[in-house]
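Shared chain: chain A. Partners: chain B in the first complex, chain C in the second.
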Partner chain A sequence: MKRPKSLVSLFFLLPALILMVPFVIYPVFKTIYLSFFFGDEFVGLENYKNVLLSSDIVNLERFPTNSPPWGALVHNVVWIVIHLPVTVFLGLGIALLLRKKEVKGSSIVKSIVFLGMVIPMIVGGLIIRFLFEEGAGVVPAIFKALGIERLAITWTAYPQTALFAAILGSIWIWTGFSMLMYSAGLASIPRDYYEAALIDGASRFQIFKNVTWPLLKPITIVIVAMTLLWDLKIFDIVYVATGGGPGGASMVLALQMWDYFARALNYNYAAVVAVLLTTLTIIPALWLIRRRE
Partner chain B sequence: MDIPKYKLRKYIVSTSIAWFLGLIWLIPFIGVLMASIRPYTEIVGGWWHFSPFTITLKNFVNAFNHPMFPISEGLKNSLIIAIPSTIIPLLVAALAAYAFARYSFPIKHYLFAFIIFLMALPQQMTIVPLYFLLRNLHLLNKFQGLILVHSAWGLAWIIFFMRNYFSMLPTDVEEAAKIDGASDFKIFYKIVLPMALPGLISAAILQFTWVWSDFFLALVFLQNPEKYVATQRLPLLRGQYFVDWGVLTAASIMVLLVPLLVYALFQKYYISGMIGWSTEK
Partner chain C sequence: MSVKKIWFSFLLIGLLAVAVVASGCIGGETTTTTTTTTQIQEQITLKVIGPWSGAEFDAFREVIKAFEAEHPNIKIEYKTYRAEDLSTILPLQFESGDTPADIIFMWGWFIADMAKKGHVMELNEVINPDEYVPGILDTTTVDGKIYGAPFTAAAKPGFWYRKSFFEKHGLKPPETWDEFVALLEQIKQIPGIKAPIVSGDSVGWPISDVTEHFILTFGGAELQQKLINGEVKWQDPQVRSIFEERLVPLLNAGYFSDPIEWTSAVDLWWKGDYALYFMGTWLTGMVEDPTDLGLISLPGVKAMVLAPDYFMVPKYTTHPTEALELAKFLATEGQRIHVGTSSGKLATWKEVTIDDYWEPMKDVAKIVTNVESAPDLDDSVGGEWQKTFWDQLKLLWVQPDRLDDVLKTLDEKFPKE
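== the complex of A and B ==
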C-alpha cells in the first residue's frame, strides 16, 4: 500500500526534521567546516596534516616492538584486530553450545553472558578497572597464583597492559551481542535442513560448513559491521578504566577527540579527529546500507 | 528412563562447559557485589577471601549521601532526563517512520539511506558545534538542552526500527478505514499506533536504557555539578587517597539497577528490540 502523497508525508516527517536538522545534520557539516579552520583563519588541509602526523594519532616509531602509546588510531586498529574475531567467534561458539538440547539452564547462561550489554558502559569500565587492580582484582590474583609475576600488577597503570585490559574487558561486555544475534539466527534455520543433511549422511562439521554457516552469513555481516562500529566509537570504557593513559598508552580516537575539545580547547583539531572517526565509520555503515538493497 | 552412556557424557560435558562460561562472565559481577556489601579492609586484599566476612550497607549509604556528588541526586537527574528523552523521540520518530513505510515521496530512498548512515555516526562528530549552539540558545547546563540532543540522536534508529515494524503490519484495516473516509492522521493514531504497541514498547525500553546509560553527552553538556547525572557522578566517587571500591561498587549497583530491572521486566521486548534494531525484517 504505497500512497504517493508528498504533502501528507511531509506532515509526518516535519517534527523529525525540526529536531534533526539543527541538532544532528547542521552540526555534522559545521564540524567538517571547522576542521579546515584554525581559529578564524582558513588553513585548508593543514590541520589534517598536523593531526595525522602527530604522535597522538599515529606513533609508528614504537609499534610494535615497544609498549604503547602507538597513537590513538593504531590503538583502535589493534582493538579491532583482537576484539572483532574474538567476540564474533566466541559469540557464535556460545550460541551453538547453548542451542543444544542437552545443555541444562542454557537460558540462564545466555542471560548472564548478555548482562554486559545491559549495564551502562561507564559501569562496565569501572568493573574492568576493578578486575585488573592488583590486590582487589581477580585477574592479577590469577596470574600471581600461576606464578606469572609480570601480569600480577594493576594492568590499567602500566603502558604495556592498559590497552589490553580495556580490550579484554570489552570482549567481556560485547560477546553478549554476537551471542544474542547468532542465537536468533540459529533459531530461524528450519529443522528440515538439518534432517535432510543427516539423512544424506553429512558429518557435523560438513553440516556446519555447508548449511549453518552460509545461512548465518547475513547475520554475520550485521554482527561484524556493528562490532566494527563499537570498536571505532569506544569511549566510556576507556575514559573510566584507564583515562587513555598511562601517558596515552590506551588512548583511542573518540577519547582523543574529547581531549582536544575539552582539555586542550583546540576545537579545530577536535573537529579533524571527529571527521577522521566518522570517515572510518562510513565503511561499516555503507556495508549495512548496501545489504538492504 | 534409560539414558545411553554416550548421551549422558555429552550432557555432562556440554552443560559443564556452558556453566563454566557463565561463571566466568558472572565473576566480575560477583566481585562488584562483594565489594559493595563489605568494608574496604576486607576487599583490598581480594574479595574472594571470606574470613572475616562482614556484611554492611555503609557503602550504599555513603554513596547515596556522598558529600560532594550524592548518587541520590544523580539518579533523580537521570530520571528527569531519561523520561522525556524517551517519549519525545518515540512519538516524533513513529510519525516519520510511518511516512517511510506507507507513502512514496521524492528522495525517499536517499533520505532513508541517510538515516541509516546517521545511526552509525559517532556522537563526536556533532558535539563541538552543538556545544556552541546550546550555549547560544542558553540551553547549556540545562536539562532541556540535553533532552533535545538525546531526542534528536534517538530519532535515526527509532525511525529505522519503527519503519521495519510498520512494514510488517498488515494494511487491510488501514485500507478499510481509508474507504470509510478516515483521515491519514486518524488512521495513524487510531489504528496503526495501537497495532504497533509491541514495537513501540521495545523502542521505548532501548531508548530509555541508552539515555540512562549515556555518559558522553552528559559530560559535554552538563558542567554544573548539581546537574550531573548518575553515570557522570560515578567516576568522581573514587576517594581522595585511594580508590574506594566499596563506595564505587555500591554506587555502580544503584546506577545499573535501573536498566537491569527494565531488562528483567521486559526481557522479551528488550531482546526483540535489540535484534530488530540491528537487522532487517
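== the complex of A and C ==
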C-alpha cells in the first residue's frame, strides 16, 4: 500500500516545522500582536499612525532640496536608488573585465573586491568610518588633493554627506557579491555562442546586448533581489559608521527599530517598524520567487 | 555448637563492640572535621558586571582584590558589558526572573526604571544617604527607597591642556570669558594647530559634556536640573541665549574641530594638533604624563557634572546577603581604594579624603569639591532622548546655523511624562 505523498513530505518537514514554530512563527505573530498595543492597552492602528507620520520615518519637509534627515524610510529608498544599480553594474563590469583567464592578476583583483563581503559588518562599518574621516581616510585625502575642499571633510560628521558615505561604503562591501555571481554566470555561458556571433559579424556591444545580457538575466534577478533585501535590512554598518546621525541624517529603518527597542524601550513602536520592514522585504522576496518559477 | 565456636563467636562480638565504640569516638572527631571542611568549602562566587576594560579594569581590579582579601569565602567574577548592550539584555532577563550578575553597574535612570518594575533590591540598609555627596542618590531613589548605590564618579571639570604646550607658546589660562575667547584666537594662530579645541566623538557623549559645561557655567546647576526634569524647555530664552551667545559663536569661529573619535582625539591633542580637550577626569589615566596636565574650567563656572557609576543588586541574585555585603563595600571603602589608583575617578562617599587620592588627581579633587556638583544631564534623562541629544549636538557642531532645528527637536523628543 502506498503512503500518500503529502504525508511523506510532511514527515520530513516535521523537524524543521517543530523548530520554526517557537523560533520563527510565534515571534512573527507576537510582533504583529505587539504592534497593536501600547503597553498592555489595545490601541488598534494608533501606533502605525504615530510611527508612519513621525518625521523619524518620513520627513518630506526637507526632501529633496535640503540636506538629510529625510526620514528612515526615505533614506532606505535613497539607498536602494543609488546602491542597487551601482553594485549591479559595477559587479558586472568587473566580472566582464576579469573574465578572461589571460587577464593577469584577475584572481587577486577579484579577491580584493570580494574582501568586503567576508569581513564582519561591524569591522566594515569601522573601516567606512575611517575611510571618510578627515586626516585619516583616503576619501577626504583624494578630494583635498583634487582641491575640492567641500568634500575634504569628515563625511560621517556632516548631514550632507553622512548618508552617502554609508551608501558608498556599502557599495564597496556588496560589490563583491555581485561580481562573484556574475563571474559564475559568465563562466556558464558556452563559448560557442560567442564564436557564432563573431562569425555572424556581431560587434562587441551587439554580443553583449543579444547574448551575454539575456543569458545573465536569471543571475541579475537574484542579484537585484538580494541587493534589495540588503538595502532594506541594512543596520550594522550604519550603526558603527554613523550611528544614524548626525541629526538622524543617515538613519535607516532597521536602526530606527533598534532605537525604539533598545533606547526608548518602546517595544510597540519597534514592532510597528519591524512589521513595516518585513512587509517591505517580502515584496522583493515574492518577486524573486515568482520570477524564478 | 562446639566450645571453640562459642569462644570464636564471643571474640567476634567483642571485636564488633570495640569497633562500634571506637567508631563512635572517632565519629565525634569526624563530625568536627566535616564541619570545618564545610566552612572552607562554602566558597561563593559573586558575578559583577561593569563597563570597564583595559587600564580602567586594572584600577577596578584593585577594589575587587581588596574585597576578596577581606572575604576569603567570596570570589568575584567580573564581566565587561557596555550600558548600551545591557539595556537590551536586562529587561528581558529580569522579566523572566533571572539575572546575569549579582551586582550590575548601569545608568541611574535605568536602575530607577527597573526598580519601579520590582526587579531591584532596596539598599536602604546598606546606604546612609548622609555620607554621600548631596543629591547623588536622587537619580536612583524611588518613593524614598534607594535602589542604586553610587560608586566613584567622573567629573567633567573643563578643558585639559598640556602645561608644556602652554609654556612653549607663552599661553596663560584665562580668568574671564573674554580672555578665554582671546586665548582660543591666540591658539588658532599657532602654526600647525588644526583647531584650538578638539571635539571628541563616539556615540556623541563627549560633545554633550561640553554643552553641559556651558549650561552649568552660564545657567547653573538649577537650570540643568530643570532641564532634566523637563521644567524648562530647550527653546526657553535662557537656554537659547547660552547657545546663541556663548557656544555657537565659538563653533562659527572654527574654534572647535569636527567631531573626531574620542580616543583618537586624545592622541591628536597630546601630540599637538589641538591645544584643548574637554574630557572627564578619567583622562588623567589615559595620557603618558599626567603631571603635564593642566585644567581650564570656563571662567565663572558655577557647577560641575559629577557622573557616578551606579550599581544595583537585582532581586534575582542567588546570594543576596553576600551581594549586599559587596554593595556596601563598593559604596564605601571600595571608593577609597579606587580613587587611590590611576582610575581618574572621584569619591562620592564623603569619608574619602584628599590624601586617599592618586597624586595627579589631588588637584582636580580639590577643584571639584569647591564647586557645586550637578547630575549628568543626558544620563539622567536617558532613553531615546539621550541618543537624540548626542545626535543633535553632533549636527550643531558642524552646522551651527541649525540651532533652531536642534532646540526644537530636543523639545519634541523630550519624554512626555
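Just so it is clear, the second predicted complex is superposed on the first by the 275 of 293 C-alpha atoms of A that agree within 3 Å, B and C clash if a C-alpha of one lies under 4 Å from a C-alpha of the other, contacts with A are read in each partner's own complex, and residues count from 1 in each chain.
Rule of thumb we're sticking to: a residue touches a chain if its C-beta (ideal position, glycine included) is under 8 Å from a C-beta of that chain, and two chains touch if they have at least 3 such contacts.
If you're wondering where the values come from, they're calculated on a predicted model, not measured in any experiment.
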item	value
Clash or fit, chain B versus chain C on superposed chain A	clash
Chain A residues touched by each partner, larger count belonging to chain B or chain C	B
First (chain B), second (chain C), both or neither touched by A:L277	first
Touching partner for A:M20 - first (chain B), second (chain C), both, neither	first
Partner chain in contact with A:G245 - chain B first, chain C second, else both or neither	second
Touching partner for A:A136 - first (chain B), second (chain C), both, neither	both
First (chain B), second (chain C), both or neither touched by A:A152	neither
Partner chain(s) touched by A:A262 [first = chain B, second = chain C, both, neither]	both
Chain A positions touched by chain B in one structure and by chain C in the second	129, 133, 135-136, 261-262
In the complex, chain C residues that touch chain A	84, 87-88, 91, 113, 194, 201, 203-204, 258-261, 264, 268, 383-384, 386-387, 390-392, 394-395, 397-399, 402, 405-406, 409
Chain B contact footprint on chain A (complex, rising order)	1-6, 8-13, 15-16, 19-20, 22-28, 30-31, 34, 94, 97-98, 100, 102-106, 108-109, 111-113, 115-123, 126-127, 129-131, 133, 135-138, 141, 172, 175, 177, 180-181, 184, 218-219, 222, 226, 229, 232-233, 235-236, 239-240, 253-254, 257-258, 261-262, 267, 270-271, 273-275, 277-278, 281-282, 284-285, 288-289, 291-292
In the complex, chain B residues that touch chain A	7, 10-11, 14-15, 17-19, 21-22, 25-29, 31-32, 35, 43-48, 88-89, 91-93, 95-96, 98-99, 102-106, 113, 116-131, 133, 148-149, 151-153, 155-156, 159, 171, 174-175, 184-185, 188, 209, 212-213, 215-216, 219-220, 231, 234-235, 243, 245, 248-249, 252, 255-256, 259-260, 263, 267, 270-271, 274-275, 278-280
Chain C-facing residues of chain A, complex	129, 133-136, 153-154, 157-159, 243-249, 259-266
